[in-house]
Structure formats: C-alpha cells, structure tokens
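Note that the chains take the letters A, B, C and D in the order they are written out, and that residue 1 is the start of every chain.
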Amino acid sequence: MSSTYKSLKEECYEANMELNALGLVIYTFGNVSAVDRENAVFAIKPSGVPYETLKPEDIVIMDYDNNVVEGSLRPSSDTKTHSYLYKNWENIGGVAHTHAMYSVSWAQAQRDIPIFGTTHADHLTQDIPCAPPMADELIEGNYEHNTGIQILDCFKDRNLDYNEVEMVLIGNHGPFAWGKNAAKAVYNTKVLETVAQMAYLTLQINPQAPRLKDSLIKKHYERKHGKNAYYGQ
Amino acid sequence: MSSTYKSLKEECYEANMELNALGLVIYTFGNVSAVDRENAVFAIKPSGVPYETLKPEDIVIMDYDNNVVEGSLRPSSDTKTHSYLYKNWENIGGVAHTHAMYSVSWAQAQRDIPIFGTTHADHLTQDIPCAPPMADELIEGNYEHNTGIQILDCFKDRNLDYNEVEMVLIGNHGPFAWGKNAAKAVYNTKVLETVAQMAYLTLQINPQAPRLKDSLIKKHYERKHGKNAYYGQ
Amino acid sequence: MSSTYKSLKEECYEANMELNALGLVIYTFGNVSAVDRENAVFAIKPSGVPYETLKPEDIVIMDYDNNVVEGSLRPSSDTKTHSYLYKNWENIGGVAHTHAMYSVSWAQAQRDIPIFGTTHADHLTQDIPCAPPMADELIEGNYEHNTGIQILDCFKDRNLDYNEVEMVLIGNHGPFAWGKNAAKAVYNTKVLETVAQMAYLTLQINPQAPRLKDSLIKKHYERKHGKNAYYGQ
Amino acid sequence: MSSTYKSLKEECYEANMELNALGLVIYTFGNVSAVDRENAVFAIKPSGVPYETLKPEDIVIMDYDNNVVEGSLRPSSDTKTHSYLYKNWENIGGVAHTHAMYSVSWAQAQRDIPIFGTTHADHLTQDIPCAPPMADELIEGNYEHNTGIQILDCFKDRNLDYNEVEMVLIGNHGPFAWGKNAAKAVYNTKVLETVAQMAYLTLQINPQAPRLKDSLIKKHYERKHGKNAYYGQ
C-alpha cells in the first residue's frame, strides 16, 4: 500500500479492529475515524464492510467537507457526524461510534448516566449526557450532519467542555466518543460501556443510590487528570 | 460427497455452524434451512445432531411436501414449519429457528418487542411481532405445520409484509427468522437477539421509555433499505 | 493407569471436565459422579482439586455406603448425597452438582422455576422444584446424607418421578441433576441453568407471564420423549 | 532479572495476570500486591501499565512506609492502601483491588451483600461489608492511606475479624480482598464477584429472599474451615 496517508489509515484500521476485539460491535455496527490535522483530512471505516475482511487499504480518506480524498470504497454512513466534530472541536484526534449494548440501552431509555462511583470519576466529573432525539425537520434533512449539530448543542446547553467530557449518548441511537487519537476514542467507548453497565446494575440493586459526592468526584478526577496527577507513568 | 445438492447442503451447513459460532444455540437447540427454488427443494439440519459432529453430508434435502429427497438422517423436527414458509413465501431463501436467550424470554413473556431505537430501525420499521400460542386443537394436530400457519396468520392479522419484517416470535416458544438466503436468516436471528436484549435493558432502565418516533424510524430504515439508500458498498 | 474401573473413571473425568468447559463451575465449585451398577460402585471427583490439574487417575471409586474402594484422594465433600441418590434411585447412572449462577440464584430465592416455554417442556413437564432448606437438626447431623433425604422427600411430597424430572434445586444451596449416565447429568445441569436464566428474564419482562398451557407442555415433551417421539435420530 | 526480590516479584506478577485472565479487570483497573514479611517489603503492580505489556521486572518493591525499595516505575496509585493493610494486619500475605462489575455495583449502591446461600457461607459467615464513603476531610487529605483507615474502622465498628472476612467493599468505589498470599487475594476477589452477582439475581427473583439461616451458615463454613473440616485434600 503506497499512500501519503499510509500511517493514518493504519491507525484508523487498528482502532476499528480493537472495537471488534473488545466486544463493542457485532457485524458492521460501528466505525472509528482518525484525523491528520496538518493535512486537514481524516481516515474512516468504509460503510458496511465486516471487520473480518477489513484491510488497512480499505480505509477512506476524507476532507472536513465530506469529499473523498483517497479510497475506492464508500465511507461510513456516519461520516458527516465525524467531520462535523473534527471541524468544530480542534483538539480531538479520533472519533468512535458503536451500538454497544449498555450504552445503547441508556440512549434508548433517554437518560443521562448518573455519576455513581470512582470508575466514572476517574474519567469525567459529569453525568454522561444523553442528547435528546432530533427535531423532525433535522432528521429529514442532512441527518448525519445534524447529528453533529445535536451533539454540540447538547454540550452548549449544559455548559460541558469536550476536552473533559469525551463521550455522549444520542437519544434513541447510541454512543459517540472521542479523544486525542483514535485509540483513545475506542478506550472511551469501552469505558462508557462499562460505566453504563455499572450504573444500570447499581440502580437495580438500589433505586435510590445517591450520586457520588463532590469531594470524591474531584479527588478521583484530579489524581488522574489534575496538575498534580499521580496516576500512571 | 457427490450430490446434485452439494452446494445447497454446504450453504445450509455453513449457516448452521454460524448459528453455533454466534452463541445463538446450545446443544441441538436450533436449525437452519436453505432453499433451491429451481428444484423446489430445501436443505435442512438433521434432527438432534450436535454442531460439534455435524458434517455437510449429514444435511437432509426435502421437498415442500415434507418428503425426503436425499439424505439418510431424519430431518429437523421443525421441518414442516420451514416447508410451510417456503411454500407460501416465495421470496425467501433461508429460514432459521433457535432458542436464543433474550428472544425466547420475550416469547415466553408473550410481548412484542417495541421499536426503541435505531439499531432496530436499521432493520425493520415495526415492533417485532409475538404470535400468540396456538389453539389447543392446532397443537394436538399437525403441530409444526400449524406453527407455519400461526406465523402467516399473525402477519395477516397485523398487515405485515414478510419482505420487510424478516423475524417473528412464537409465544412461549421462540424466534423464527428468514431472508434472501440461509446466511441472511442467521444474520436476522442475531439482530433479533441483540435488539431483544437492548429492549429488555431499556425497559429496566426506564419502564416508560417511549417508542422511537416515526421520522427516525423512516430515516434509519430508508438509509439502509430505501431507493436512495447510502449504507454499504 | 491400570484399574478395574478405568473406563468408569474416564467417564467421570470427562463429565467433570465438560462441566468446566460449559462454564458451569469456577474453581472447584462442582462435582460429577458416574455409577457402575454391576459392581455397585461409583466414581466421583476428589474434593477441592481444580479442573486444570484434574487427571482421570485422581477419580475416587466409592461403594454406596461411602467406603473408598479405590483411590488415594479424599472424595468430594458431597459424596454422601450422590451415594444416597444411587442407592434409592436404581435407574440413574450419573449425578452432577454445581453452583451455576442462575440455578443458585433461584435456589437462594427459594422459588420453583415455573414452566414458561417449550425449552423447558422439551425436557420435563413440571416446574423445576426447589426443595426447602433442611431442618436445623438435619443440618447439624449427617448433612450431605440428609441432603439426599431432602431431595427424596421433596419428590415424594410433590409426587414427582425422578425418571422424568431429572433436576432439583436445594433451597439456599444450588442444583443437583442426574440422568442415565454422567454425561446426561451434565447435560441436564446445562439445560437447568439455561431454563433458569430464561425464566428469570421472562419475569423481568413480564411479571405476569403465564405458565405454559397444558397442551403445549404435553406436545413438546411427547415429541421428544413419548412413545411416538420424532425428535433425534 | 537479578534481584533479591525475584520470586516475590514473580508471585505478584502471576497474581496480577490471573486477575486479567479471570475477567476481573479491563485496561489497568486493578492491582495486586504480595508481601515478604521477613524483609518487611511488598511487591506491587506499577501504575497504569496494561496487563498485555506487564513484565515481572516491572513490579515495584515498597516498604511499609511507602518508600520505593527497588524498581524504576511508579507504583500503583493505591499503594498506600495496601501498605496500611500490611502494616496493621500482620497475618495477610496479599491484597487485591479491582473495579469488577458486580462488586462495584454493590459498592455504588452502598449496600452490604447479604449472605443468601452456601456459596457465600463456604467462604465467610458474615454479610460482605460495604464501608461508607469517607468524610470529606479524609478524601481531601492522604486519600489512599485514609482508605486503609476506612477499611479498618469498618471492621472495628462491626466487630469483624480480617482473618475470617477477607473482603470488603468501599462505598462508591469498589472491592478490596486479601488472604494468606497474593493468589488467595485474587481468589477472594473472584469469589466476591461471583457472590455479588448471585445476590443481585436472587433479589431480582425474590425481593423478600431471606438471609441464610444460622445452622447452614455454620455448617458450610465449618466443613471447609473448622477444626474438623473435611473439604479438600
């Protein structure tokens, strides 16, 4: 494979395969992209290609206006959501979308995922937001582009920072997650799925389970992400 | 294996093995068939043979009137349901039946699976119907044949099109799914099982979860199956 | 391994390993035995030996009065329950006991598993009985022997036939299953665990789910076990 | 690897890898340590290192006052909790901490796990305690050290013996378990996770499920741990 975007395609390919290895997708129910900020392009999974047969050279290179830059296959049907996020959120390097079981179930329930414990607080200090389903005219219009707008509107309404909250549920649909690169977007997708299952079980065991208190939220987030962080190497 | 129906048997064998690989069956709790419309025969799993020892040459060839055309083993005990569907629904190429966990649980609960999200709408625009258990005289009569009648009656009563709704639950029993070929019938069985689990979890999280709104149902179904579909290659 | 009971030990060993392969046990939480009616002995797993290191020659040969006939290891701590069943139920050839997840949960809930569907009726026509926890004086006495008595009392009280109902839950403890040989006892353990999970999910989806009607119970059981059975080869 | 603590590091490494193999952790969400009482040091997993790339020589050797004795990597962020337990509980040889699914869910629900059955009683005679979340000033202070204090306070308040109850939940956080060595701490973590899932399911099936009665608690614990124990070899 000779291409200007060889390493970008490989990053994207590896992240898509990891989604599958982590049990977050069945069949073709998911897609990951990776951006190259210098060249203002991103690599994304082709639409409807099973993970079993996916190859790095199948990955499609797109610009932020949804033009194919390189690749012979049609890109993911969700491409316009990815491009909208890259265009508007300059710090992100990768985006992942799945129909993972527990994340989708919260999205279908149209409920934010409450912050119940330190597993959640190790990654973000907020409830995981569930954006409401879109207005009918937006659905009938440029749907995937408008999904991007829906995500940004949700973050604006709630005063959330995409640098800290790296995940969202779209009501009735499912999760999007992002991060500094494609691997981090996949990592956040797995964390979201795990936290979603824990929150579900917590409410089954105790429907009155209290939200995590502020001091613990702050402590766990800071020890991993604060300026005096002491987690990791 | 020299047989007029070698490739038909292999299609059927592969689909049965896939059922097992996808975790949709334990022991011998399932069967898939594949039809050859030109010769008006179908291939089906033999009854009670474990997937571990199943071989392509074990597959039994039947006509639509339930006569064995080729094969030394007894066909699946559910054969008459398969033949009834092939006889009456001319566009289908494969049928699958299982006792998969979440599908059976909805069938035992005697509940249609509500359309709660886009995972469901990507495949069909309707709730997944649960046909009521049969009347006593039908059960005591030609049971498996009458199961086929029960499925068709359910589709007629609800004005459903088998070309669009490719799956059904039989009350107290379990799922049947079909499609253009045996592999598609297996795919639909997996989709049904996944959607069944998502709907179960959705109701656990929010017992008042609303049905997906019409605009989203239409959008997701059309982008995959409509005349301007843009999903896949 | 030279032993009069070589093949009996191997049958027992294989059945124990299958328990592990089917995900029905963790660590040493289970045991299977196989009987040799001619010699009035049975082979059973040694106590506390992990499946990873278990070997056929580790299997212990016991008589019905709980004397070691052959073997250097201590037999399963549940041995006296097995011997009591062999002594009193002359048609059984194998017994299995586990702490499998869903079976134990119904046992801890002290509830019979209602017959909700055909997966259940394919194997037995009755609710799966949950024997009450034993009286204190029986617990403090010859506990494992008395567990056997508890099972037989339960079958007597409810007028159940051990030839048809090949499984039971002991309240607060877990499942015992049996059959014509050790492999069938393991098969019944897996069926029980599957049916237990289905019944649990059914009640979560519909707390008013009705019991399977008699005509369907009879039909499914008869087609597999009746004198005109047409399931299997 | 030439080191005074080679075998201690290997014990610790093996126990950490076992945690991963048993499905008790994702990514880096857990840590196990092993103590060398003679030298008053313990070996612990380095912080944030994935199990896939972890090597025995990465393990860090610490003294009870949290000084690094050997190793170039930063130790687990939970190190001070481990050291506090080693310092105060002289009989323990290993400690494990995870974010395992069902254990965390009970911790988030802030509920003790009731003793519902013999699987539980085979290991301990008490409900598994859930220590309340810490006071704000302790969280903002020396957090991981204070987590150790929180565990000991909980055991003192409830008059529990750490030699018998080898596991605890920290409210809103997750489980800690210990034992005579690191492998036993991992074993107890798996037992806790299994018992946590069983108790959850038990309450779903029967919200009024009774606690196990005293005679059965005593019998099962004694047959495995009493002076006349007859379980195992």
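As a convention for this text, contacts are C-beta pairs under 8 Å (C-beta built on N, C-alpha and C of every residue); 3 or more make two chains touch, one makes a residue touch a chain.
As the structure is a computational prediction, the values presented were derived from the model and not from experiment.
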Once the contact rule is applied, which chains count as partners of both chain C and chain D?
none
Please decide if copies chain A and chain D contact each other with the same set of residue positions, more than half shared, or with different positions, and reply same or different.
different
For copies chain A and chain B, the superposing rotation on Cα atoms, rounded to the nearest 5 degrees, equals 90
Between chain A and chain D, the Cα-mean centres are separated in Å by 33
What is the distance, in whole Å, between the centres of chain A and chain C, each centre taken as the mean of its C-alpha atoms?
46
Which residues belonging to chain A are in contact with no fewer than two other chains?
204
Taking the touch definition from the header, please name the shape of the chain graph: line, ring, star, complete or other.
ring
Every pair of chains that touch: which are they?
A-B, A-D, B-C, C-D
Of all residues in chain A, which touch chain D in the complex?
116-119, 187, 190, 194, 197-199, 201-202, 204-206, 209-210, 212-213, 215-216, 219, 223, 230-233
In the complex formed with chain C, which residues of chain B make contact?
26-29, 46-49, 73-74, 77, 99, 101-102, 104-111, 133-134, 136, 139-140, 143, 172-174, 200, 203-204
